[in-house]
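Pasting the structures here.
In the two assemblies presented below, chain A is common to both, partnered first by chain B and then by chain C.
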Partner chain A sequence: MAVKNLPIVPSGDPGALVEAANYATWRIFRPVITESAKVNPIVTLYCPDGAITVDESGAEVNYKLCKGCGICAKESEGIQMVPEYTGPKGVF
Partner chain B sequence: MTIDFKNLPKQELFGQGNVGCKGCGAAIAGRQAMKVLGERTIITIPASCMATLGGNNTKTTWKTPFYHTLFECAPAISSGVRAALEIQGIKDVNVVSWGGDAGSADIGFQSLTGAAERQEHIIHVLYDNEMYMNTGGQTGSQTPLYAITSNGALGKKVHKKNMLAIMEAHGIDYVASANIAYPEDLMNKFKKAASKKGFSYIHILAPCHRGWGIKPEETIEVARKAVECGMWELFEVDEGKRTRTYEPSFIPVADYLKAQGRFKNLTAEQTAELQKSVNKYYGKGE
Partner chain C sequence: MNKVLITGSEAAALGAKLAKIEVLGYYPITPAFPAMERLSKYIEDGELNCKFIRVESDHSALASVLGGSLAGARSYTVTNSQGLLLMTEVVYHAAGLRQPIVMGVANRALSAPHSRFPEHGDAVSQGATGWIQLFSENNQDVLDNTIQAFRVAEELRTPVMVNYEGYLQSHTLEEVFVPDQGKVDAFLPLKRMPALDVTNPRGVNTVAGPDVYTDYKYIQNAAMEQALELIPKVAADYNREFGANSCGLIEGYMMDDAEHAIVAMGSIVGTARLLVDELRKQGKKIGLVKVKTWRPFPAQAVNQILKNVKYVTVLDKNIVFGVGGALATDIKANLYGQGSMVINGAILGLGGGKCGVKEIKEAVDHTESSENKNRSEWIGL
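Showing the complex of A and B:
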């Protein structure tokens, strides 16, 4: 087949992974904003997943993108890591 | 640090939904760089974690064109991309090859040195996790002295190859070292590199918690310690002029090394020897 007759393979929408992502199951701990005013905006550049935003209205975590690495809580005040699972322990 | 967060682009061109590990240093480097490089950027990536975590098939995290090259040839492909843009008269695009330490300093070295010698109008980034992480953390030329890796249980016996000096010796427009714990410094360096008409090389230290034996949340902290103890110098060589861009506070090197599992077998003599060579380098006596 001549090259010009080859089918065009559909490629994904750029950034399609962003909509599809759900990293809830990756997390053991989740970051919770305890004091929005104290959150250092530098964490928006430290988060590997672009999951935290800080603007005039305060800090916010997107829990579909967040993997619970804990970098934001370590690098800034006003964020705390809390366990995702708080049910009974030692069942198995 | 003074970053103008208000005017920082809100757009996330890379990073959201990436399939890397939690706390991935390479992803942090990519996000900080893309804030500066912007939409008009074409990326080529050789085999590495960065190639994997960008996604595959129809699902990608990149919102700019990116091309997954063979291991040996990302800078060569970038050279071709630049030539194609030039012939079409397109002038406002950054062409960036983004390789790991193997894809830049070892297996990808011949195409990197070739592109640098030709003074191609591209930026090459080496994001350095000091191991071959995508295949399980083997030793490479960028692995530091004494570090334990998956195929080197006794620790590396020889020094890390000085890639920054090698690239400087090419007489290219711009050479810089950077670190993910210092985003302002990193982003300034990308701004400068993007303004050059010739070849730029940026070498970013980006810890990998799996390979370095640290906790995911310590990625930034350990990266910062590397700079503060003096083992990772932040500097640039702008058209031949060398400037140190950050003065470290000189914490003991032991603070940096002891924080990592890969240096768990380090003896007191070895630590003292490393401290001595750092002191000597910065002209602080023996």
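Showing the complex of A and C:
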């Protein structure tokens, strides 16, 4: 067997883990921007994963990075946590 | 080259200064702290252009140094005992991420019970981490090993620990020859190998699945094996450039016709030399093997130098519980099937316990009178 050709420093593209985990299967609730204009830009600092951005064009959540912790929705208006799973009740 | 009277801590700091380190992460711990104090003074006085990162724990100290190294800076830290244990997680990270970090370790016994005295237990606890480990017999070794460590680390992209014993070396003055800065610059050209690039962001230490993890470890181990060839070459280069007398993997003393060999590493080597001189005067064919490079283990070199002896006494200032001394265990494992000599390990000098000429003599006598080849003898109970 030949040794595989690998980078000396074990590394990968950003978000490789997220891709591997098939886009955030760990999330039970997702933050949804309900009123972009009301979102307090401070949430960009509160977010542990750098998953939310707020600029002139409004607020946006990167669902590849978001773990669904809900801190942004707790700290700011204009964001609501909604269940990821919308199938029949009683599954969870 | 000039001659100065300095402690082992100052020798470590001077080595790092001559290597022109760029990042120093440090959390205070005894007896490693004087090395940091000296380095911080060099920085304050403008003699060293280095970013000194003060952190809240030893774990963070090595993590900050790892960050510096990933960004391509020549990075250094010092620690010992409990600090090294707290760092352990990052010790593995640094090796797996192949970062050429150099770390001074002022060896101190591990708690519990609490001890502030010299012993190799802390270094031995890190023997499987993938770091190259060099041991220093005296303060000259501390300086020489530190400078050579940067060269070895950067050529192999593998981190190196330079061990010197707490107090016995860290706080004891000895005469040390200091190489000229210009020559060190030529000996240690800075080759930047940044793993982080802001224009091309990537994640380091990403998940490696079962399909590639073994390959990563194979490649890492291959670098360690390469070190066995590189370390003697670097030492030879160093000796040629600086007129020094630094050994590579091991050094034999009075080994040409020796029937009995003492094998040791660290400061006890110097004490064992005195015993060998004394016994040689009485006509005893005894020699000494100094192990400078403990990881990777120089199996071939050790087997070669011990092939004709009848008795081997291995001195261990450490105990691997339920097994014996680490060095004795390595030597027995590597000599398997290679001869019929009696190999005895001696555990001595734990937590600052006595390990003078008398104690080493006791270990030597025990080896020649013992028929039991598989146990370690505890000296100085």
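Note that in this section the second predicted complex is superposed on the first by the 67 of 92 C-alpha atoms of A that agree within 3 Å, B and C clash if a C-alpha of one lies under 4 Å from a C-alpha of the other, contacts with A are read in each partner's own complex, and residues count from 1 in each chain.
Rule of thumb we're sticking to: a contact is a pair of C-beta atoms (placed from the backbone, for glycine too) under 8 Å apart; a residue touches a chain by one contact, two chains touch by 3 or more.
Quick caveat, the model's predicted, so the values are computed rather than measured.
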| item | value |
| --- | --- |
| Which of chain B and chain C A:Pro48 touches, first, second, both or neither | first |
| First (chain B), second (chain C), both or neither touched by A:Leu65 | first |
| Of chain C and chain B, partner touching more chain A residues | B |
| Which superposed partner A:Trp26 touches (first chain B, second chain C, both, neither) | first |
| Contacts of A:Ala73 with chain B and chain C, given as first, second, both or neither | first |
| Doubly contacted residues of chain A, that is, touched by chain B and again by chain C | 10-17, 20 |
| Chain A residues within the chain B interface of the complex | 10-21, 26, 41-42, 44-51, 54, 65, 67-71, 73-75, 81 |
| In the complex, chain B residues that touch chain A | 1, 3, 5, 8, 12, 15-25, 27-28, 31-32, 35, 55, 57-65, 180-181, 183, 215-221 |
| Chain A partner contacts - residues on chain C that touch it in the complex | 70, 96-99, 157, 195, 201-208, 212, 215-216, 218-219 |
| Sites on chain A touched by chain C in the complex | 3-4, 6, 8-17, 20 |
